[in-house]
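Below: one structure in C-alpha cells.
The first chain written gets the first letter, and so on, giving A, B, C, D and E; residue counts start at 1 in each chain.
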Amino acid sequence: GEVTVFAAASMKTALDEVARGWEAQTGNLAHISYAGSGALARQITAGAPVDIFISANPGWMESVTKTGKVKAREDLLANHLVLIAHDPEAAPVTLSEGLDLKALLKGGKLAMALVDAVPAGQYGKAALEHFGLWDGIKGDVAQADNVRATLMMVALGAAPYGITYDSDAVAEPRVHVVATFPDDSHPPIRYPAARLSDSDAARSFYAALRSPEAARVFTAQGFQVLK
Amino acid sequence: MSWLSPPEWQAVVLSLKVAGLATACALPPGIGVAYLLARGRFVGHGLLNGLVHLPLILPPVVTGYLLLLGFAPNGPLGAALARIGIALAFNWKGAALAAGVMAFPLMVRAIRLAIEAVDPRLEAAASTLGASRVWVFATVTLPLIVPGIIAGAITAFAKAMGEFGATITFVSNIPGQTQTLPLAIYSQLQVPGGEGSAAKLVVISITLALGALLVSEALAKRIAARIAGRDA
Amino acid sequence: MSWLSPPEWQAVVLSLKVAGLATACALPPGIGVAYLLARGRFVGHGLLNGLVHLPLILPPVVTGYLLLLGFAPNGPLGAALARIGIALAFNWKGAALAAGVMAFPLMVRAIRLAIEAVDPRLEAAASTLGASRVWVFATVTLPLIVPGIIAGAITAFAKAMGEFGATITFVSNIPGQTQTLPLAIYSQLQVPGGEGSAAKLVVISITLALGALLVSEALAKRIAARIAGRDA
Amino acid sequence: MLEIALKHQFAGFALDLALNAPGGITALFGHSGAGKSTVVNAVSGLLRPDHGRIAVDGEVLLDTQAGIALPPHRRRIGYVFQEARLFPHLDMRANLTYGARFAPPGPGVIGFDRAVEMLGLGALLDRRPGALSGGEAARVALGRALLSKPRMLLMDEPLAALDGARKAEILPYFETLRDEVKLPILYVSHAPAEVARLASSVALLEDGHLRAFGPARDVLADPGAAGGFGGRAAGALISGRVAAQEHDGLARIETAGGAIYLEAPGMAMGTDLRLQIHGADVTLALVQPEQVSALNILRVTVLEVGAPDGPSVFVKLALGEERLLARLTTRSVAALGLRAGLECHAMIKAVSLAS
Amino acid sequence: MLEIALKHQFAGFALDLALNAPGGITALFGHSGAGKSTVVNAVSGLLRPDHGRIAVDGEVLLDTQAGIALPPHRRRIGYVFQEARLFPHLDMRANLTYGARFAPPGPGVIGFDRAVEMLGLGALLDRRPGALSGGEAARVALGRALLSKPRMLLMDEPLAALDGARKAEILPYFETLRDEVKLPILYVSHAPAEVARLASSVALLEDGHLRAFGPARDVLADPGAAGGFGGRAAGALISGRVAAQEHDGLARIETAGGAIYLEAPGMAMGTDLRLQIHGADVTLALVQPEQVSALNILRVTVLEVGAPDGPSVFVKLALGEERLLARLTTRSVAALGLRAGLECHAMIKAVSLAS
C-alpha cells in the first residue's frame, strides 16, 4: 500500500528516516510532502488526498479537524526553543529580565521566524515577552518565513543570534546553542499528528510514528517524544 | 546518471515535463491574448490586460491559494473538471497549470511587443492581396513575430522551471508527482546541511534552463536574420 | 485611510518605495544590457544572457540565499559596501535590491525585443548624418524604444510589487523596514483565519499595480502612436 | 466603369473630388502632395474616407451614406504601393504567389511564368527582400499584384524606381492589360510620357481637387491643362493602325491625317495604337520643306493659337480629323504670322516618336 | 577628386570597378540591379566592401589593404537614400536639423530657411513622417542631408518620387551645388535627362562593371555608349554663356558654334551654362530651311555617321569647335546622302531645349 503524508517542513530529516524504516519493514511506500503547516492545512481543507498530517502548529491542526476528516489525532512530539549564536566563541547567555539583548547583538539582528504567523516565531515572541525583553528588541528582529530560514541566517552569520527549535540547532554545525528557553516561558511546543484515512497503510504508518524506532530517530534529531 | 539520486532524477524529469506542458499550453492562448492586447480595440481591454498581469503582481503564494480555491477537488472549477475526468490538484498537471499561469504574463508581454513591432503596412498589403484578417495574421503577422514568440516561450519556460510559491501552495510538494526542481531545492534547504545537495540541484536547474535559453536564442537569431535579410 | 491599519499602511508605502527604487535603479543597466544583448557581438554573449536570466530560472529562495551570501553584513560585497557607507541587509534598500534583481530579466527581455525591432536602416541613416554610435543610440534607438522601455519598466514594477521569496530570504520581514505587501500578505495567510485581512491587502496590491499598468500602458500607446503616425 | 466620389480631411489637407472613369487606364496626375495616394488608398479600402462612394463595374465597394464599406481583402483590387512593401519573411517566389491562394480559381490576368519573364525576375526567385535592389523590389511588387488575379489594379508610381530600359519593357505590357485583358487600372504617375502613352482617361489633381478630368486625348491636348504636365510633355494623342513594317525597320502608321513613320519594332500589321505627339516635337513650316531629315511632313491647318505661357504658346492644329498640338515660341508665331485658318506643314521626326 | 576602387561579392552578383571622378556631379547610371546603390553604400561606409580604396579630395576613407575604414559618421558624407528613411519619432523640423549638431560650426552648404524654401517644406515642418506623401518625404530627406553640412553628397535617385514641376524646381539647385558650392556629388539616376543636365562625369554601370566612364560631354555624345541611356536621351553637351535675355522671354546663348535661343527664365546675363541637345531633337536639312518655326538653325558639318542601331543611327556633327549628335533614321541618312564632310543645317526648336 501507499500513504501520502503532509508534514511540516522542519520535520524533514527525522521523518524521512522514519519513513525509510517503515518502508523497509512493511514494503509499503510513503509519499511525503513537506511544506509550511499552513499551506498543507489549506490543501487538506481543499480536498487533498492525504492519509497522515503532521503539523508544527496546533492551530492549523484545529482547522483541519473542523473538516471532520480526522479519524485519529494525538500530539506526537514536543520541542524546546533555543537561542543560537553564529560566533563559536559566543558565551552562554542567561535569560532573565535584566538581559541586554541589544548589546549582545552589537548592532546586528536577532533572527526569528515570522513572529505573528510562523509557530517558531510566535513561541519566540511569547518567550521574549515572558522575560519582558520583547519591547526592547522588537525593532531589531529579522523575521524569516520559516524556522529553517532563521537558522540559515545565523548559520551564515547574517544575523549573530537567532531563536529556533532545539531540533534545528542540533543539526546545524555552524551554530551553537547559547541558551534554552524554559518550557514555562511560552506555550507548549507541540507537533500534533492526525490520521485522515482508514486504509491499512495509513494505520500502519500512523502506528509506526509511535514506534520505539521512530522515537529514537526523533530524539536524535532534537525532538522530544511525547508519551 | 549515477550522481543523481532517483528522487532528484525524478524532480528533473518532472520539471521538464511541467515546464514543457506549461509553455506549450500557454502558447496558443498567449498568442491570442497578445494579439488582442496589441491590436484589439474593445471595452475591457484594460481589464484583460490587468487580469493577464495579475500573477506577476500578486505574491505567488496568493496565486497558488487562488488556484487551490478554484481547482482543488472541492473547488468550483476543480469539481467541474473532475466530472469530465480531468484532475489537476496535487498532480503534475496541476503543477503545470500553476507554472503556466505564473509564466503567462511574461509570454504575453514578449509576444505583444513583437506584434506591435510588425509594420502595419505589410498587413495592409496582404489585405489588398485578398487575405482576410485571419489569413493576414497567419501568413504575415505570425511568421514575422516568430522570434518574439520564441523569446516569449523561452522566458515562460525559464519561469516555469523556477516557479516555486504558486506550485507548492497549489499542488503541494509530493516527490515524484509535484516535486519539481525548485521544490526539491526548497526541501533540501529545509534540511540542515542540505545546501550541498541543493547546490547540485541548482546547478542542474541552471544548466537545463540555460541550455534551453541558448538553443532558443540561436533559433530566434537565425529566424530573425532570415526575416530581416536587411542591408546596411 | 482609516480602513488600513498603520502597519498595513506602512506596507503599502514601503512596497511602492521598494518597487519604485528597484525599477528606477534597474532601468539604466537594463537598457545597457538589453542593448548589448540585442546588438553586441562578443564572446560571453551567451554567458551574460544566462546570467541575466538566472533570477527567472532559480527558485526565488535560492536567489535570496545567494544575495544573502553576497550582501549580508559579513558577506564579501556587503562588507565592501559597508565600508563606503551603504548597508543593504535587513533594510528597504536591500528589499529593493532583491526586487530589482528578480525583475531584471523581465525588463531586459522587453527592452531587448524593442531594440531588435528598430529598423537598422534608420540607425544607418543617422550615422551618415554624423552621429557616432553613442549618439545614434541616444537620438534614434532610444526614442524609438521608449514604448518598449515603458513596457519593460512596468513589467518590472509589477514583478517588484509582487516579489516575495527572494525578499524575505534576503532581508527578512521587518515591519516598517522590509515588510512589503507580499510579505504582509504571506504573514496573514500563515495564520489560521487570516484570509480576510490578506484579501484586503491583495486588493490594494492589485489596485496599485494595475493603476501603474494602465497609466503606463496609456503612456506607451500615446508615444507609440506619435512615433508611428503611419498611414494604412 | 470606376465611380469615385470622395471627401476626406487630413489636418491641413482636404480632398474633395468626384469622377467617373470609363475603364481602361485612368491616370492620376498631379504634384507631390496633391492627394493621389489618398485617392488610391480610399479605392483599395485601406483608407476609410469621411464621405464617399466608390463603385467598380457597378459593384459598390464603399458608400458611406448607405453604410457600405467592403474590407480591402474582399475588393479584389491589386495594389502596387509607392514603396514595394514586400513580405520580408518570404522569398520572392512566395511573395509573387502570395495572393493566388485567396484568388478565385481559373486563369488570372497573367500566369506565373509569363510574369517572371516579363518582369525579369528569374534570377531573384529564391532571394529575400533584403537582398534586392530598389528596382528589383519594385518589379516584384508589380508581379505580386498582377498574380493575385485582381479585377482592377491600383498603381502608385509603379515605375518610378525603374530604369528606362526596364520601363520600356514593362510599358507595353500595361498596354496589353488595358487593351486585351481590359483590366481597369488607376495609375498614379509623375511621368507625363507614361501617362500620355497609357492613359485612357486623365485626372489632373491639384491640392485635393480635380483640375481637369476627361479622356486622355482631350486633357493632354488641352493647352489649358497642359501646363499641369510641364510644358514639354503636353501633346496630342492620335490613333492609328500599323499599315506596314518596312524593310529599314520603320513602321508606317495610317492615321486620319495621313501616314506617319516611326520605329515600332515587333508591332504586327493591323495593330491599333496610340501616338502621343509632344508639342515640343512639332516644327511648323509655311512652305513644304525639302531635303530635310524629318520623315513625317504633314499638311495641317492652324485651328487656334493658345494664350502665351512664358515665351511659348501651344498652337492647335487640325490634321484631317485628328488634332495636333505644337509648342512654339511666341517669336516664331509672330515671324510666321500664324493664325487660325492658316495652312502649313508640320515636321515630326520619326525618332522623336519612338520612345 | 573622388577615387573609388571596389571589389565586392554578393551571392549571384559581383561588383568590380575603379574610377577617378574629378569632382562636380558624377552620375552613376545603369539598369536596375547594376550595382549603383552598392557603390554608393560603400562610399558612405555603410557597406564594407571585400576589397577597395575610396578617397575624397585625397583623404582616404577606406583602404582595405592598409586596414583603414572610417566609420560612416566620420566621413561627413550626406546620403539621400533610395527610400526616405526619415526618423519616425521626430517632426520634420527635427529631421531636417538632425545632422547639424554633429557638423562642424560655420555655415554649411545651405541654410535652414533656404532649404525649407527651396524644397517647399514650409507647411510640413511640424508634421511627422507618417503624415507625408511620398514626394514630401523625399524632399525632406534631401533637405536633411544638405543641412548636415556634408563635404560630399551621395544621392540615390533623389528625384524619383517627385513630379516634374518639383524636379524642375530642385534641379537648378543641384547645379548651384555643383558650380558654386563645388560640393562633389555622386548621383544615381535612371533619368537620362537629369544625368545629362547635371553630370560632370558619367559612369555607366552594367552588371557590376563600368561600361563607360568619363566626362559627361564625351560619354553622352558617344554613339557607342548612347544605347545605354536609351536612344532618345543621348545627345551632345555644349557649353555657352547667356548673352542676352530678350524682350519675348527667350535667352540668347553664345556658343562656340554660334548663337542658340532658348527659354532660360531668370538666368542672368553672363551665366555659364550647359545645354544638352538630344539627338532626337536635331533635324538636318541640306538647304537652308525657310519659314520654319524652329528658331535655331545652325551650320554644321557631318563628322561621322555611326553604326545603325535598329532603324536609326547617330550622326556626329561639328558645330564650330563643339560637337553635336543627331539621331536620324537610316532612311533619312540615305535619302539625304549624309556622309562625313558634308555641310548641312541643323534645326533645333527653342522649346525642345527648355526642359
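Going forward, a contact is a pair of C-beta atoms (placed from the backbone, for glycine too) under 8 Å apart; a residue touches a chain by one contact, two chains touch by 3 or more.
All values reported here derive from a predicted model rather than from experimental measurement.
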item	value
Chain-chain pair with the highest tally of contacting C-beta pairs	D-E
Distance-maximising chain from chain D - centres being C-alpha averages	A
Chain A and chain B, separation of their C-alpha mean positions in angstrom	35
Distance from the mean Cα position of chain C to that of chain B, given in whole angstrom	19
Chain centre separation in whole Å, for chain D relative to chain C (CA means)	59
Distance from the mean Cα position of chain D to that of chain A, given in whole angstrom	90
Residues within chain A bordering two or more other chains	152
Contacts with 2+ other chains: residues of chain E	46, 83, 131
Residue numbers of chain B (touch at least two other chains)	61, 65, 121, 124, 189, 228, 230-232
Of all residues in chain B, those that touch chain A in their complex	61, 64-65, 68-69, 72-75, 78, 89-90, 168-169, 172-179, 187, 189-193
For the chain D and chain B complex, residues of the former touching the latter	44-46, 71-79, 81, 83, 85, 87-90, 98-99, 102-103, 128-131, 144-145, 148
Of chain A, residues touching chain B in the complex	4, 6, 9-10, 12-13, 31-35, 39-40, 42-43, 46-49, 146, 148, 151-152, 168, 170-173
Complex contacts: residues of chain D adjacent to chain E	10-12, 30-33, 36-37, 82-83, 123, 127, 131, 133-136, 138-139, 156-157, 160-166, 168, 190-192, 229-233, 248-250, 261, 263, 265, 279-281, 283-287, 289-295, 310-312, 326-333, 335-336, 347, 349-352, 354-355
Residues of chain B defined as touching chain C within the complex	46, 49-50, 53-54, 56-62, 65, 105-106, 109-110, 113-114, 116-117, 119-121, 124, 147-148, 151, 155, 158-159, 161-162, 164-165, 181-183, 185-186, 189, 198, 202, 205-206, 209-210, 213-214, 217, 224, 228, 230-232
